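Please see the structure below; I have some questions.
Letters A, B, C and D mark the chains in the order given here, with residues in each chain numbered from 1 onward.
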């Protein structure tokens, strides 16, 4: 449940086989171009790589062989006529095919995540603008703190999403890389043609060419995995806020309703935020995979026993769950319904005590800060004890009334007038997102 | 790759559906027996639960509904004729069906793990007996320490496996439990028949009856998950030792060879320990799932948003990988070939310096410990500097020769005579395993 | 911040040194009793073990030596007069002292956790009884589901805590164990006296005697670590519920207020649930340590390089944070103030729609379930659309009025009458706790 | 043990207090420069911030207050004379001080890690050059694969370390940021002066100015944490290789010996690689902290309850352990002794079978690849069965002898002639490191 069909298609076992075949075809072409193998052989190999292979048979054999590349190469050789079969997988090792295929999959996976993040960003932008002046309680430790606007909340989500877009693009540019080193990382079987073949192969696959093979130095993979985990956790942050805002007692947002969505036959009032729920579940699952890769960085010698192979399952698991977290957050955001009336009503729950700081500062202009603090504290105590509002208590306090007119008191207590730089912060988030999507500053 | 077909069958989505249907059938029967719903309705419901359901359709709808139980119950009602349909899922909530089904799956999964652990134990028992006197280096921090026997090593593996058998049985007895509480854990829709229905339902399913529903108190699940993770990590301990012993330079064990197993077309000398490799990879993946469940213990109120649902993927992931870790360790052990000659040759690598402690103790009987220490240290320095053996240095040292005859020196330096309680420890491990498998002390 | 002084005292480096000295003293006594070393030497050693040692000097040297036991034993020998110094640490290895000391620390740590869990349980018992009939919303996915009582919520917390008490006691009985095997686990230096010394040593230390040394089989440690992590996560569950119930918009509970507690100078209305906050932070930190130990189960050979040593920091970290999680939850619970009026007011927020199921069941007795469902659904739609209550809609509906008198309608909609087995579940939780604390069933 | 005094000094509680005081001083100066508070007040505040504060008293109070900033600000106000005290912490919230202080600590911590990584890199460079032609077995799955050179191994370590240097610098540039938003992130108390003060404050502290406050969007912290975790794991990779190469049976490297280092009184032959051991332990502990932060990304609303506060312990834990992992790897590398004779002897262990691929390729030039493969396979079988070398079998095989002269056979079997691009890869790693340290390409 906690994934999407699109990402499943990229990380299915069959897709891994296809990407390994793409590697083998590109390798043959690169080696032909470098004069290492006959051009005719390369053509035959590339043609065979376009055929269908039975991925479940390959994986069944893989458990015995220790890698899916060995049975795949064996099968591929049977599909290539004559001596050309000898040139299949020439000079490469299983890990070259497996890692490069994984890189191709991750490239596609990152693009998918980016597409959804851009949609979330666009929706955050809308909400930030539409609700620029929609008052809402700012909440810290789940308690009301000071007024904010729902637009500012959306802008902070937007800034978060924008940074994820930048982070995934950056890791895509910096950490994706061809793997090509041969059996022990020396490209020995290619004589001195290794670097030339590597460069051509990287170009064929559209993967960056690294300085060295990195069979047992997995920081590239770890960096991608961490970035994807952080993006998934960031989506979960938004989903978490939605879930909290949608609580029955809060009621400030709701997910789109649809037949069969989030309901319960026995509980007709139920409208569960199921998109947020799925994003939260998927986010937990995604960030849970990150330490599997990070804790396995200490690979053994030139190829690990266990730590590398665990990536074969961990990377697909991670991308599937991360795509789920991001896609369900997108879905929750796309249908999100805000209730400004509830936001305002909740803001008033604490009888205006949230505005004590604002009143103090306004009063301080007349009588100094220390004195103002003491007086407002008394008024707050009064409001709390009497169960009334701070507004009432302020109007009732002779010292406040002596310093401020009723209108000035009311203005000081108006949440809409105590939003500081909210507006400019919203503008900045909007601008940064526009830059990220290439629509200028 | 890092799993087994047997465990996949238990934890496939279709199997989860079947287990939920088993819950619904048992619920109907229990409620009929308690007089809550008509017996005829229960029979119709139970019959419908034996039909085939399209699990992928159910899961497709589940993403929208928020749980697979809602579409399943809806579909099930369409399969039940007349008013009996009204009694489907009577008084239950989705979580009752989902959690109870997961418990049934985990019960089956635990039994599968236990079966493989017993086989590993049997093989360890064989090796412990067969190699009771096969000398081997005991290694600490990957350095030679003192002599042990390969039988003792196998006995320690055996003790570890025996404890896992006990731990999985115990968690099976203590933590598996029926889930049944209705929409908010009060069994409100059943009036005062709740406890009676619960008891009958538990009996129908063969699941222990808990004192209270535990929708949001997930310690039971966490305890099972932790025990399974520890069992997987324990299997990985054995696999790790095998991988280390199979190193080219160590060569003390090898996995069974088979066509297509662990080889490399380009590297004819290669005989990779691929069973150990898969166990190590699967073990990493399995223990990696444990924190997903443990870090989500703080469920919200009466049902969590995200933390519970993540279990739906985490539990199958965990069992699949843990079964892989244990099954591949079993496979590695079943085919394990030991090389006593290599063990003995490796033991001699450090020129007998490993026996310095034994020589010291023997010498101390004649001349006191402090003096013996000083003398043997000199002999060791001598052996190291000259590149010779401690035996030679001991025979060359006049102070040692004065205190001990050549035969006594040689006996003191014989690893086979310096094994302490190895034999009795082996006996204890064998006895504890026999108790665990019910073949007496 | 996220710990307690009591647990810090148990797991401080100086305490580890003291516990290792307790091991060395007990070892000397055990060996004297077994006739392995002179009684007089044992007395001198035991006396020296009662002296003060400079733990920071020992740890400074430990980094070089690789273990704190080596410099400790060296220092201890300098404190023991004459030949008796030779018998210090006789036949033992560093790991024997370090692991056994850790076991003694964990025993003390478990007792500390248990003491706090018992207090939490006592407070849950009070709340369960006192609020047995205090109506509250049952909440699933953070949405109102069905009525419960606050007493039932406390009873579920109680059941959770009772199980943790049982689990920690069980792991204390089953997994604590003496470590004693000598340099490679054979007790070679003790000849055939090993098992006798081990038994005496275990008795001296009050630690269970294991069948075999377990230097590299860390399932015992992992089981303790997992149990402690689950107990910490269970405390966090309670703390999480408190934090959610204390939200400004919910306001059903508050932590005890005290000068300087949870306030903010600028925000006079603030009363942050800081005990719950600290429990939640500490709970995250505690469960975060569990995978460090579990992922390191695959120790190398007879003693690990890295995986074992990491425990030296991980175990203290875990216990410190777990003690913090449990102690702060205890503190939050001890001062917890419940607000039954707010609970009732929140229950009414959804206009009685929560009672639709109850009304349906009551109506069904008159007109059958299918018809009743349809009618109540219409009434619910009516209530939602008109913004009124289900009660009003029910009284307005001619079909309902035809089947039920106004009094019967009102009774069907009374949350207090739709609590199912809440009472009996509370009784069960109370009884299980009483058994756990030894005050009978 | 698994840390360093230098990093401890940065992340001690007292240091956190000092960094918060630096924040408060800078805030006062920035607000004075912006005309928000009197310059004289700012001077008094800045002076008071240079005084000593009792960090343990502050932390004792912090547990009650919920943050260390509240008691610190309270104490600081008592140290500032007259009305200036009112301007302490003006417009800021606790989290501004705590997060900004943490950022200052992390900046210092990153610099410390970078310094050690540069030393490791320098040592890798030396080894890569010195052992450019030192033959060694390339090992995959802990089995010999093909020849490499020890220089290439060092070059791959170097490339890994160079990337970590770049990654830590990049995260330092991109993710360190001032935190400044006031109680709910609007900077309300500063009216419209917020952005101006923020810019001045960032300049005062030398921290990058972010677009928006990020109180509850923790991707910056997560990115730093992940990068540090990956750097620690990368150090552990090197330490792991050292531990494996130092095995008694492998003996290709040893750590520097020193009195009291890695020895055992009872086992005179012991020379444990304790630096590598500590790096491995610390690396495990460091990567174990990463998920604590990543799994807590879903902060609540404008400030989290638990997830944020857990960072206060997690960040120091992470940096301490990561610094330990990197410093001990540096130490292991600085004293590393390589044994080219052992490397060569190990290479010959498999009787030259490792060179089968090379022989095949050489033979293929004469008789085609398919035929060459068949013949060499037979020769390998022959060598394995007879227990001889491939060289012998090749010279004995009439078909090989017919195609190649004895000299050509020997050249084909010479590992030094089958190193592919090892040399160029070493050059690339050296060049990239030189660029990283600013000594040109």
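Of note:
Following the convention adopted for this analysis, a residue touches a chain if its C-beta (ideal position, glycine included) is under 8 Å from a C-beta of that chain, and two chains touch if they have at least 3 such contacts.
Just so it is clear, the model here is predicted, and its values are computed rather than measured.
Any chain that touches subunit B and also touches subunit C is listed here: A, D.
Of the two chain pairs examined here, C-D and B-D, it is C-D that is joined by more C-beta pairs in contact.
In whole angstrom, the spacing between the mean C-alpha positions of subunit B and subunit D is 32. In subunit B, the positions touching at least two other chains are 66, 139-142, 145-146, 183, 189, 236, 239-240, 243-244, 264, 266-267, 272-274, 277, 280, 283-284, 288, 291, 295, 305, 357. Considering their complex, residues 1-2, 59, 61-66, 68, 70-71, 73-74, 93-94, 183, 189, 236, 239-240, 243, 258, 260-267, 272-274, 276-285, 288-289, 291-292, 295-296, 305-310, 312-314, 317, 321 of subunit D touch subunit C.
On the subunit D side of its complex with subunit A, the touching residues are 66, 83, 86-87, 95, 138-142, 145-148, 152-153, 155-157, 159-160, 163-164, 167, 182-192, 194-195, 211-220, 222-223, 226-227, 229-230, 233-234, 236-237, 239-241, 244, 280, 283-284, 287-288, 290-291, 294-295, 297-305, 357-358, 361, 368-370, 373, 418-422, 424-425, 428-429, 432.
Listed in rising order, the residues of subunit C touching subunit A in the complex are 137, 139-146, 243-244, 246-250, 264, 266-274, 277, 291, 295, 346, 349-350, 353-354, 356-357, 376-377, 380-381, 384.
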